[in-house]
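What follows is a pair of complexes built around chain A, which joins chain B in one and chain C in the other.
Right after this comes the complex of A and B.
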């Protein structure tokens, strides 16, 4: 029966469930990190392009926009790192009971926030020093 | 391929509202997915208001109440009303569960009821499970053994061997798990889904079965097994507290281990 309708899925399923949230965030941060590689490639190409190109790239990369992008990448990295470790543990056959995965979802959220806070603090400190003309 | 939008014939229209009687003191509203295959029209969501005291204990009681007092054309599957047959699996307030063991006390004033997600709909809350059952059959959920059974008794198992299959064998094939799985939504044509894989696992680890290798061979495929990305919705919603996600992880482990 080709004319049978398809029952709704994304529009009715509970999206704020720990299972769905942690999984989709892991995917999303993975995509963000992949896109972030472009920044790395740009930096490497500039480094290979000589002192002048490198100095110009540093100027671009220390702009406000790139600082925001950098913070976003740090956030994505913080989450993706711990989510990946969680998957690694799952793949070993451990932590797959319902209660355990609920607990590890919380742990994942807290750990990634803490790591992000630390990394962001370090980055801001670095920018503050660089802005004040301190040691690069 | 993943198609996030519903096809044109599946988009939901506004439905009708069956008001509670004026005298009703406390009203509970049930927003229920309706599809009438004879009308040629798109599905709609109807609202049924009931006096809270008349709904009964469970979601299934309320559905039966609606069917017998408001609209007898409302279609849903039900049988045992005690969580053992798996007929009344549906999406209630965003999660797949059995209507007969989902207490109304745990839900709000408004209850949203849809058929199991991403399935062809026969009528109202009745999904077409043909493909789901075919996938279950494809894992050969029966004993495969060359050795003949002892002539005077059954094939025996130790207590420990039995306990290993105790939980996986308790699956009632309600399809709550498979239809909660986004991977199954997007790839059900080739991905077997948690229910069928749990059944496969149950036979792979059965001490009396002699076809574990053959069963593993059949699953070693980029889609049948490996579309599982450990989202964990299956284990999250299983009304029998089983663990398809763990079963799938164990199958993946066995496939890796037998390579070394």
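Right after this comes the complex of A and C.
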């Protein structure tokens, strides 16, 4: 197409690493969660298909591959949740100064890591119980 | 300027209302070519921005609720999940979650495509696929929840 710079005009900004990193990670995790909608609908449609169809889908969803996918989705959710809240705070006109935004970038990283650790631990507990033949 | 360029610019006159008049007349800084092409503000950005924020605000409690529910269900077998899904408020919140997630996702992925896909044909095709995908997600999700809620699968 055109021989001129096109959106998102990445080269015209003087960017600090944390702004690039937090912004692109928010985008990336959002796209990951969008892909996760496929899993959500697959699971819901399986439940609508009755006990047999659901049992088949649960076999797929309990596989190691899907446990890894769920961990990825939990990580994406943990980040996108806090990054989104950060954006909502910015939209109210607060926290836009450079020092504040640097601090909230750190907070975002720490909070999302902590949330992910908690959720992942919880999920692994679930899988451990199911794997030990507990309530399937 | 010849007559033909005059008629070109008149074809791209801003619509009346919403301050469109202010951009006509001698104070107009747009070139005749710019006016003829007519590209610029589509006056739809606020809608996108606002509904993205609305769906974000809705998703904060809904997504947390969904994640916590998934992790605190005693098991994920059919009887447990379908009994949980069929409870009145669970069905309602699940439907709200699916709809706001599909809407928020559609708005976000649309911007990603608009930013990174530059070829206009590929972009149109990708945007159409993004729309279809999210409509399917929303319709299938709501259908499935209602089917379980009304016991059609039993």
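Rule of thumb we're sticking to: the second predicted complex is superposed on the first by the 119 of 136 C-alpha atoms of A that agree within 3 Å, B and C clash if a C-alpha of one lies under 4 Å from a C-alpha of the other, contacts with A are read in each partner's own complex, and residues count from 1 in each chain.
The criterion applied here is as follows: contacts are C-beta pairs under 8 Å (C-beta built on N, C-alpha and C of every residue); 3 or more make two chains touch, one makes a residue touch a chain.
The structure presented is a predicted model; accordingly, all values stated were derived computationally and were not measured.
Participant: Now for A:58: first (chain B), second (chain C), both, or neither, which partner does it touch?
Facilitator: In the superposition, A:58 touches chain C alone.
Participant: Once the shared chain is lined up, is A:96 touching chain B (first), chain C (second), both, or neither of them?
Facilitator: A:96 contacts chain B only, not chain C.
Participant: Looking at the overlay, what does A:37 touch: chain B (first), chain C (second), both, or neither?
Facilitator: second
Participant: Could you tell me if A:122 is touching chain B, chain C, both of them or neither one (first, second, both, neither)?
Facilitator: second
Participant: One more residue to check, A:77. First (chain B), second (chain C), both or neither?
Facilitator: After superposition on chain A, A:77 lies in contact with chain C alone.
Participant: Of chain B and chain C, which one touches more residues of chain A?
Facilitator: Of chain B and chain C, the partner in contact with more residues of chain A is C.
Participant: Could you look at A:87 and tell me whether it touches chain B, chain C, both or neither (first, second, both, neither)?
Facilitator: both
Participant: Looking at the overlay, does A:49 come into contact with chain B only (first), chain C only (second), both, or neither?
Facilitator: The second partner, chain C, only.
Participant: Where on chain A do chain B and chain C both make contact?
Facilitator: 1, 6-8, 87, 91
Participant: If you look only at chain B, which of its residues touch chain A in the complex?
Facilitator: These residues of chain B touch chain A: 4, 6-7, 9-10, 12, 33, 35, 37, 42-43, 91, 93-95, 112, 114-122, 127-128, 180, 182, 185, 229-233, 235-236, 241, 243, 245-246, 249-250, 252-253.
Participant: For chain A, which residues count as touching chain B in their complex?
Facilitator: Contacts found on chain A: 1, 3-15, 17-20, 23, 87, 90-93, 96-98, 101.
Participant: Can you check the complex and tell me which residues of chain C touch chain A?
Facilitator: Within the complex, chain C touches chain A at residues 53, 56-57, 59-60, 63-64, 67, 71, 74-79, 81-82, 85, 94, 98, 101-102, 105, 108-109, 112, 114-116, 118-120, 134, 136-137, 140-141, 143-145, 147-148, 152-154.
Participant: State the interface residues of chain A toward chain C in the complex, per the touch definition above.
Facilitator: 1, 6-8, 27, 30-31, 33-34, 37-38, 40-41, 44-45, 47-51, 54-55, 58, 61-62, 74, 77, 81, 84-85, 87-88, 91, 119, 122-123, 126, 130, 135-136
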